[in-house]
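The same chain A turns up in both complexes below, where it pairs with chain B and then with chain C.
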Partner chain A sequence: MASTPQMSQILPSTTKPAELEYGGDEVSALVLDPGTGTTRCGFAGEDTPKTCVPTSYGIIPDPEEQKYFGKLKIGENPINSVVDGMEIRNPMHEGIVENWEVATEIWRHCIEYRLSSRVEEHPLLVTEPIWNPLKKREKTTEIVFEDFNAPAYFLVKSAVCESFANSKPSALVVDMGHAYTSVTPVIDGIPLRKGSERTPLAGQHLTTQLRHQFTELGIRMAPWLTLKSKTTYTDLTAAPPLRTKDFGFQPHQSFLDLQQDRFIHEFKECVSETWPESKTFPADINNLPDNFRGIVDKAFEFPDGYQRRFGIDRFLAPESLFNPSVSPKPLSGDLPKGIAEMIKDSIDHLDADIRANMLNNIVVVGGTSLLYRINERLNHELMTMFPGPRVKIHSPGQIPERKYSAWLGGSILASCGAFHQLWISKQEYDEVGANIIERRAK
Partner chain B sequence: MSGTVTDVRDVLGIDPGALEPRQPPLKKQRTVEKRPDGITRELYALLGENAPPVAVVEHRFKDKPKFLGSVAPWREQTFKNPARKDELELKHWVRQSSLQENAVDGEQDGGQQPLPLDYQFARFNIRVNILEYSDAEYDAVLKDDDWSRQETDYLFNLIADYDLRWVVIADRYEFEGKDRTMEDLKARYYSVCRNVMEMRTPVTMMSAEEGALYNAMHYNKEQEVERKRIVHMQLYRTPAEVEHEQHLIAELRRIHDSHQQLLEEREELFNRLDYPQSTGSIAAYQGSQGLATLAQNILNSDRNKKRKSIVVAPGQPAEKEDTKAPPTASAASPTISRQGSIAEPARAHGHQRTESTASASGATPLKDKNKSNIKQLSKTEEAQYNLSHHEKLQPGVFFRTMKMNLPKANSFINKSPAIMAELNIPQILSMPTSKTCAKYEILAKEIAALMDIRKQLEKVDQETRVFKAQEAMGGDRSKRSASVLSDASRSSKRPKKEK
Partner chain C sequence: MVGPGFRDDHILLIAPGSKVTLAQLGLPESFTPAKFRIPTRMFPGIEEGQYLPNKVHEVKEGEELLLGNGEVATAGPNGKPVKKRKADSASKPSATTQTPTDGAAKSADTAMADAADDHEDNEDEGHDEDEEMNGTKEEGSNSKLYYEDDFDEEGAIWCLDQGRIVNWEAFFALLLHVHETLNPTFHTPILMISQPCWTCTDKERICQFIFEKLKTPGFGMMDAAAAINAAYNSQHSLVIDVGYEKTDITALIDWNIQEVNRTTIPFGGHSMNKHLQKLLPEFTEEEIDQLKRSNICEILPPGVPIPGEEDADRDALLRPVEPTTIGMGDLAQPKALDDEGNEEEEEGVTNIAAIVASGKTQEYLAKKEKEKADKKAGLAAGEKRLPNYKRETNSFLFVEKVHDSVIENGKADHPVEIPDGERMDVDITPATTTNEPKPANEAPTAVGADGSLQASSEAAKTDSEASKAAPDGEANKSGPSLMESMFSATKDDDDAKRAQEKALRREEKKRQEAAQSGEKRREIEVGTERFKAAEGGILEAIADAAHRVVSSADNYNMRSECWNSVIIAGNGCRVKGFKDALLNTIVAKYQVSPSSGTIFTSELPSNIPTPSGTGTNTPQPSAFNSQQPNALLLQAAANNAALAAAGQHHLSIPQPNQGPSSIKIAKIPEYFPEWKDVGFEECMFLGAQLGAKIYFVTDQGASKGFVTRADYNSQGPQAIHNI
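Right, the complex of A and B next:
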C-alpha cells in the first residue's frame, strides 16, 4: 500500500504502453556527433551520449612507415599519458573533417570500443555543421556504407538537432562550440543557408587568448602532469624553482599544449566571466577609473603553485567574444564580427516576416555558452540592437543538455517513429552512390 | 492521567499492546505521589513517564510490488515502412500481445514472426499537393518573358520539395545565378496556378470550392513588398521611437479608460439632475395602502441615497456602480434613456488627464492643496462672475424666482398684479439675476406695506367719519386721536411719492 505512488508512475508490465506515445519508435540506432573538441556517441533514445571522446589523438610519427593504423592513441587516457615522441593532432579543421583515416578510426573507436556495438547492426545518424561541403558529405556517406557497412544512415545538420533538442521546430540556433560559434536559422527543421553565420570566436579562441594573457603575465605554464610537487607562492619575482618529473625524454610540444589546455579549461570554468553590459566595459583596463565598481576578484592557483587574484582581466577573454578588438592577443587578418553582431547579421538576412519569430526563439547551446553570464550579455546586446520586437533566449538549464544538445537532438530524431522513412538504406546507396546524400539530406 | 497517555498513543497509532509492560510503574506512581501545591495539573501531567514523543516505526524493507499476471514478453522484430520506396528492414521491439493482434497468422515456429501489415507511423508521410501543368498548358497560358520553362519547372520542383515553405524555397533558390526575391517566386507560382485553373475551368463554371481557391491564389506583389517594407521598418525602430510608441499607447489607454470614467460621471450627474419621471399610471397609489407603500419607497430611496453619498468618495469608480442603479424603478428609467445622448468623448480629455495623474500620485494630498489654492475674490469680482454664497442650498432644480421671499398675504397675491401693471413692472421677471430678484423682493415688500397702510387709512377714514358724525352729535373727545392717525398715514405715504 505504501508503494502505490511510485507504482502509478511506472507502467506495469501487464498493461500495454500507449501507441504513438511521444511518437517514439526505437530501432536501436546509434547517434554520432563529431566535433572539433570531442566526439559524442551513444544510443538513440537516451538523454545523454554514452561516450564523449576527445577528437584529438596521439600519434608517434614513423618516417619509414606511412600507414599508422593501430598506432593511434585515441581516447581520454591514451592521449593524456606521457609517451616518448607522441604528438597530439586533430583530424578536424574549421569544424569539418580533414583527415578521414583518423576520423574513421575515432568513430570506430567510439562505436566498437566504447559502446561495444557492431556498427553493421545499427542504423547510424551522424551530425554535420551547416557549412560542411558536398565532397565531405559524400565522403562521410562512403565511409559509413563502405567501411562501417551500416544498414541505414542519415546525415543531419547539428543546428537542426539543437533546435529539436530544445523542442523547437523553428529557432535561431546559436551554437558556441570548441572551434566555431555558428548562428543558423532553422525553419520547420530545415536550416537556412543565407542566414547562417560562423566565427572562430569560441572555446579554442578563449584558450588561445588566456594562454597569451598568462604568458604576458610571466606565469610558468607547467602542466600538472610534468610536475613532481608544488609549493604555493604569490610573488612571481620570487618563484621557487620548478620541480619537474624526469621522464627521460622531452614530451612533444603539442602534448604539453594539450596539458596546458586542461588547466586553462579549468580557469575558463571557474574564473572567467562575461561582462554583462557592453557599454560599461572599461576602455583601458590598466587605468580603471576610481569609481569603477562591480568587480569581484577570484583566485586561481596554477599547477606550479602560483596563486593569483584575477580582477578585471578575467573578463577580458570572454569580452573578446563580443568585441574582438579587445582580444589580449591581436587576431590575425580581418577582425571577425562579435557574436551579437553575427546574430544581427543573420537576422538581417532573413525574410521580414520570420524575423520576429526568430528573435523570440533564440536557442543558445554549446559548451562555451556555459561561460558565466554569457546569456545575460547576449540578451542585453540583442535587446539594444532590437528594442522593438521581443527577444527571448532559450538555453537549457542542465549542463549536459547544453554541452550535448546536438547529440541529444539527434537522439530524439533517430528514435522518432516518423523519422524512419528518411534513413538512407544500403540498398539506396548501392543504387545511386555517394551522391544520394545530396538528394536525400538537403 | 492514564487516560491522556492512551489517547496520545491512540493518536500516534501505537499498538495498545506495547503499553502493557509500562503499566505497573504507572499505577505505583499514582498511588504514591500526590500533586504538590503550586504546580498546575497540566504541568504535573507532563512529569514522570510519558508516551514517547515520536512514533516508533519498525525498520524493515519495503514490500515487494505485487504485479498482477505474468510479464508480457517483448520480441525484437523487423518491420518495413510503407512510406519508403526501398526494402529497408529495421528492427524494433514489440510486445508479444500486440504482435499477436497485428500478425496475420499468430503461431509460427522458429522465431520467424510475420511482418505486421502496416507501420503505424507511415500515415504521417503526407505531402502537399502541388499543381502540375502539361506542355500544352504551358505553351497556351504560362509563357512569360521573364521566366523560362526550365526555371518554372525548377521552381515547381523546389516548391514540391519543401512543401510550400516559402522562406526555405527562397533560401535555396539558385537558378543560373538569377536573383529572385520571395515575392518574385510567389507571384510566379500563384499566377501559374491561376492561369492553369482558369484554363481548365472558366471562372464562371467553377464550383464554390474551386472559386474560393482561385480567389485565394490572387497575389498582389506590390502590396506584399510594401507590407514587408513596413514590417522591416517596424522591426528596426530606434529605442526613442519604441519609447515614443509605448508612451502613445499608454496615453491612448489612459484616454480610453478615463473616457469610461467620464461617461460614468456624466451619467451620475444626469441622475442627480433628473427628477424621476413617472412612467406608469398612478392608479396603484390612489388607495390609502398604495400611498403608504409609495411613502415607504420614497423613504427607502432617500435613505439609500444619503448613505451612498457618504460612502462614495469622488473619483472612485468602483463604488459608483452602486449609485448608478437606484433601487426604485422610476428613478432608473430616465438613466437608461439618457445614456445614448451622453457620448461626447473628446471634450473633457484635458480635464480627465489631470484628474488621472492626480489619482496616480495620491488623491487626498492634492485635494488639500487645491483648497488652499482657491483664489480669494473681491466683491467687484464676485459680482462680475455672478458668484453668490448661500448658507444652505436646497437639493433639486429650481428657479431663482421660485425662491424669492415674497409676502404671502392673500390681499397681496390678489392685488399685486394690478399694482405692478400700474408701475409698469412685468409680473414675471425677464432677467431674474440675484440683483434684480433682490430689488424685486424689496419692491414687493414695499407694495405690501403700502397696501397695508392704505387699508389702515381707509379704516381711519371710516373711523373719522364716524367720529365726525358723533361730534356733530355732541362733544370733541376724540379729535386729537384722529389728527394723530392722519399724521401717521401721511408719513407712510412718503415712500410711494419717492418712487
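Right, the complex of A and C next:
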C-alpha cells in the first residue's frame, strides 16, 4: 500500500474516528523444529525462527517431587547459571524424543517464551527425522492435541523441509546436525526411506573428540562461569594457579561439560578446519614427514588464559568425520563409515534412474556444515567417488539458512496456500485418535 | 489536511517499564527526556474490574482515616469530608478551594512551583472524584466517602513483572490513564516502546486495544533495544539494558535486532537492593533503596581496595589494571575512630528545617563542626574531605517518605527530576528532587528536634568556600564517574578532592532544598557494604549472558563490531561505577588478550588473504598468515576456484577469528543538550522520539513504520507484525 491512502484516514481532531471495522480472526501457524542441540520455533512465513533454545535442560533432582523427580530449569539462562546440584540432561536420544514429559515442557517454553502466550490458538507444524518410529509420531500427535490443544497440526520430515528451503523439490539432503549426520533422498517432496542413512559423526562427535584432544594435551578445561578472571600464559608446565570462583558447592559434572562445550564450540568455529583431501592427510600427525610443512597455525585462547597455536592438530577432529579411524578418542563399537562413504552408500541404494538427479542436487545443511571448508572436502571426495556424473553440492551461503534450514522449510510449507488442506484438525484427531498421523502424514 | 499527515506536536510516546511508564505528547524541537513519568501500577477500584491510578480508601461516616501522607480524613454526613488535618497537629487549614478535575489539571498541578497549592489541588481532585463516585454508586446512601490517597502504595497492582505484562486489565487501565492524563487529540498517532520479552500475541493484544479503545489513527511499536540503539545512532551494537528486575541483552547488526539470540536475565537494579539487604539486614527496604541511589554507594574499579579491607581477592576478580596500587594505604583511618563516628552519627534526626528557617544555618553548621572537631580530638581532621572510596564509613541522607507522582519535568526550573521506578531505579542524584514538594508549614512539626548534622556541617564548610566558584547547574550534573576521578587521582590527588568537594556541595544544596521543602531526613552511616552492591553476581551474570548473545550472533564478522559498541543503558546501571565495573568484568573474563605478544602480533589487520576456495572472492581476514600456505592447499584452492568458476555452489563460510579482541563502550551522542544533564540511562526515550519523528513525520508511513487505521481494519491486530 502506498502512503496516500493513509492520508485520507486522518480525521480532523473534532471528529470521532470510525468504529471498529476489523472482524477477522487470522492466526498464524507455528513451526517447531526440535533437535538434540537446540529446539527452534517461530511463525510460519518468517525467514528465521524467533526462538532457538537449548534442548538440554537442568534438573535439581528431588525424589519427593511428583513430576520429573526434580525441579526443572528450562531455557538458555537457567541452564547457564550456577545452581547447586543442577544436572544437565537431554530429553533426546538418537535424535528423537525420549523423555516426553520434559520435551513437552521445553516445547511449551519455546513457544511461550517469545511467540505466543496462547499455544492453543495456533496450528502447529512439527518436524521429525526420517527415522522417527510410529510410536513416537503418535506420541507427538497426542502431545500437540492433548497438551497444547492445538487447533490443527502436521508432522513433516525435516529432510523435506530442508530441500524446500533450498527450493528443490528433489534433492539428496545431507543434514549435519548436532547428534547425527543424515542423508535422505527426497523425490518431488517425498522422502525415501530406502537410501536414507545416518551416522553419529556430527557436532556432538566433534565436541567429544576435541574435549579428548584438549584433555590429552593437559589443558585445564575450566569454563568461564567457574572462573573469576584469567591470566594469559603459553606454557602449560608453568601454568599460573586457576582463579576459580568459590560457589560453596561443586557444580555438577554435566553442568561443567555443558559450559566446556561453549568454548569448544568457539574452537570449532574459529580454529577447526577440514583437510581438503582424504589421501594427503598425514598418517601420523606427531611425526610429520620432512617435506610436509606450511600449515597455517591458528591460535586459540582458553577461558583460563592459556594460549596455544594449533597446527595440523586442528584438522584432526574434522578429519575424523570422514575417516573415523583417526579419531583422537577411539570410538566404541563398530567403526562407522565416514560421511562421504555414507553418501556413496545412499546413492548406491537408489534406483539408477534417479542417481544422476540426486548427485546433481546434493543439499548440505545443518550447523556442523559450517565447519570451515567441509564442503570443499565433501565435494572432493564425491568427485573422486563419482567421476562420471556431475556432482553438484548446494549449500546456503548464509549462516542462519544453514542452521535453521529445516525450520525455514517448515515455515515455507506452513505458509503456502496449498498446505491448508494438509492440516490435521483437532476434530479429526478426536474422531480417529493418535493413529491419524499414520493415515494422513506417512 | 495538506502537508504531512502527522504533526510533531501530535505524537504520543509511551514507554512502559516495570516501575515507571514514561510518556510524552509531542516531539519538542530538541528532544528531551520524558515529560511524564507515571508509576506502572494501578489500584483496584471500588467496583470489580475497575482500576484507578491512586489508592482509594473507603471511609464510613464518622470514621477516621489515616492517609499515607500522614493526614487524617474524617467522613461526615452526606459523603462530605468534614475534617482534614495532620495526624500529629491541627495546624493545617482544611482545603476548600474547588478546582476542575480533568487530566490537564492533574498533570499540571504536580509540577507547580507552589508546593502548597499543589498539594491542595491534589486533594481537591480527590474530593471531586469522591463525590462523583458516590453519586454513581451509592445512590442515596450517603454514609460512605472515598478518598484517593496519592501516597499509599499498599495493594497496588504492578502491571509488569520483569517486563512481562502480568495483569492485562490493569495494564490497559494504565494505558487509558496515561492517555487521559496526556489528553491527546484524535489524530494523535502513538508510538509505544515494547519490552523485548513481549510475545507476538502480547503485541497484538496491545495493538488491538490501542486501535479499539484509544481510536488512534496510527500506532507503532519500537523495541526497547532498537530505541536505545537509535539514540546512540550505532549501526552495530550490543545493548545491555539494565532494568528493575531484569536485564535485556540484545545484539544489533545493521540496525537489526538479532531476535534469536537476544536474552533477558533476571538480574537488575533491584538485585543490588536484595544483595545490600543481605549485607545490611538491619536496614529497611526503603533505606537500602536510598542508599543505593546515594552518592556514597559505588562500585570500585579494580585495583582500588575497599578501604579497611585487605582484599587481595578483589584484585584477582577483575583484570589488574596498570596502576594497581594507588598509594592510599597511608590515608586509611584507624578503626577506633570509626566506631566512635558510628555511635555519634546514628543518633539520627536533625531539625534542619528549623535551623534553615531560623536563618542561622551557617552559624549552626559552624558550631556543629567545631563541636565535632573537638570531640574527635583532631583525629578526624581531613577525614570528611577524603573521597568516598577512601573512607571506611560514610553517610547518606535518608528521606523519610518517598512518593511517586506524576511530575512534569519540563516545567520545573531545577534540572530534570528522576523519581524512582524501573527506568530510574538507581538514581545517582539522591532522591531529594524527586519528591513532590510538600507544604512548608508541615515542616516544623514533622521533623524531630534533635540530632547531629555531621556530614552536612562539613559539606557546608567546603561549600561555603567553593559554591560561588561553581554554578549550580554544574553541580547538579552527575559528577565525574569514579573511574575518572580515580585516574586523575593517581596523577593528582587534588582532582579527586575537588570532585569530592563538588559532590559535597551538591549534597549540601539538596539538603538546603530539602530543608525548605520540609522533608524528614536523617543521616544514616554505612560501612564498606556500600561498595558491594554489585557483588551479588549481577556483573558476572550480565557479562556471561552478553558473551553468549554475541557469540551466537549469526554473522561472524559483525561480532567484533558489536563488542566495539557496547551500550549500557537502563536505570539499573546508575549506581556509581557500575558501567565501568561491568565493562571490566567482561574484559577480564572474555576478552582475548593480545598480551603474550608473539602469538597475537599478526592480529593487526592484514591485507593478505588466505586462499579462499569459496568462490566468493571474499578475502578472508586471516590473522595468522605469517607462514605461506603449502602447495597442497594452494592446489586445492586452485581446484576449488576452478569449480567455483564452473558454477559450483558449495560455499564455505569464512572462518571468524576468536573474539572479542577489543571491547569498547559506544560513544554517547553529543547533540542532545537536554540529555547531558540527566544522563543517558533513559536514552531509550530519546530513541523513541527519533523513531517517531522518522516513522510518523519524515516518511509518513512510506516505509511502513507504523500501522494505520486502514491497515488495522484490513489486517487486524496482526498488522503490528508487518511493520
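Assorted remarks:
To be clear about the criterion, the second predicted complex is superposed on the first by the 408 of 442 C-alpha atoms of A that agree within 3 Å, B and C clash if a C-alpha of one lies under 4 Å from a C-alpha of the other, contacts with A are read in each partner's own complex, and residues count from 1 in each chain.
Operating definition for what follows: a contact is a pair of C-beta atoms (placed from the backbone, for glycine too) under 8 Å apart; a residue touches a chain by one contact, two chains touch by 3 or more.
On a predicted model such as this, the values are computed, not experimentally measured, just so you know.
In the superposed pair of complexes, A:425 makes contact with chain B only, with no contact to chain C. Look at A:400: by the touch rule set out above, it reaches chain C but stays clear of chain B. Shared-chain residue A:297: touches chain C; no touch with chain B.
Of the two partner chains, chain C is the only one touched by A:392; chain B is not. Contact with neither chain B nor chain C is seen for A:336 once the two complexes are overlaid on the shared chain. Taking chain A as the reference, the larger set of touched residues comes from C, when chain B and chain C are compared. Contacts of A:28 after superposition: both chain B and chain C are touched. Of the two partner chains placed around the shared chain by superposition, neither chain B nor chain C is touched by A:37. Shared interface residues of chain A (contacting chain B in one complex, chain C in the other): 2-3, 7, 12-14, 16-17, 20, 25-26, 28. Residues of chain A touching chain C in their complex: 1-3, 5-7, 9-18, 20-22, 24-26, 28, 43, 48-52, 76-77, 80-81, 112-118, 121, 224-225, 227-230, 232-234, 243, 262, 265-266, 269-271, 273, 276-277, 280, 292-301, 303, 305, 307, 309, 364, 370, 372-376, 378-380, 392-395, 397-400, 402-403. For chain B in complex with chain A, the residues that touch the partner chain are 62-63, 65, 67-72, 81, 83-84, 86-88, 90-93, 95, 97-98, 119-122, 124-125, 161-162, 165-168, 170-172, 182, 228-229, 231-232, 234-239, 241-242. The part of chain A that touches chain B in the complex is made up of residues 2-3, 7, 12-14, 16-17, 19-20, 23, 25-28, 123, 151-152, 187-188, 190, 192-195, 350-356, 384, 386-389, 417-418, 420-421, 423, 425, 427-428, 442. The part of chain C that touches chain A in the complex is made up of residues 1, 5-6, 185-187, 197, 199-202, 211-212, 215, 217-218, 259-261, 263-266, 313, 316-319, 540-541, 544-545, 547-548, 551, 554-556, 588-590, 592-593, 595-596, 599-600, 610, 613, 616, 622-633, 636, 639-640, 643, 648-658, 699-702, 708-718, 721.
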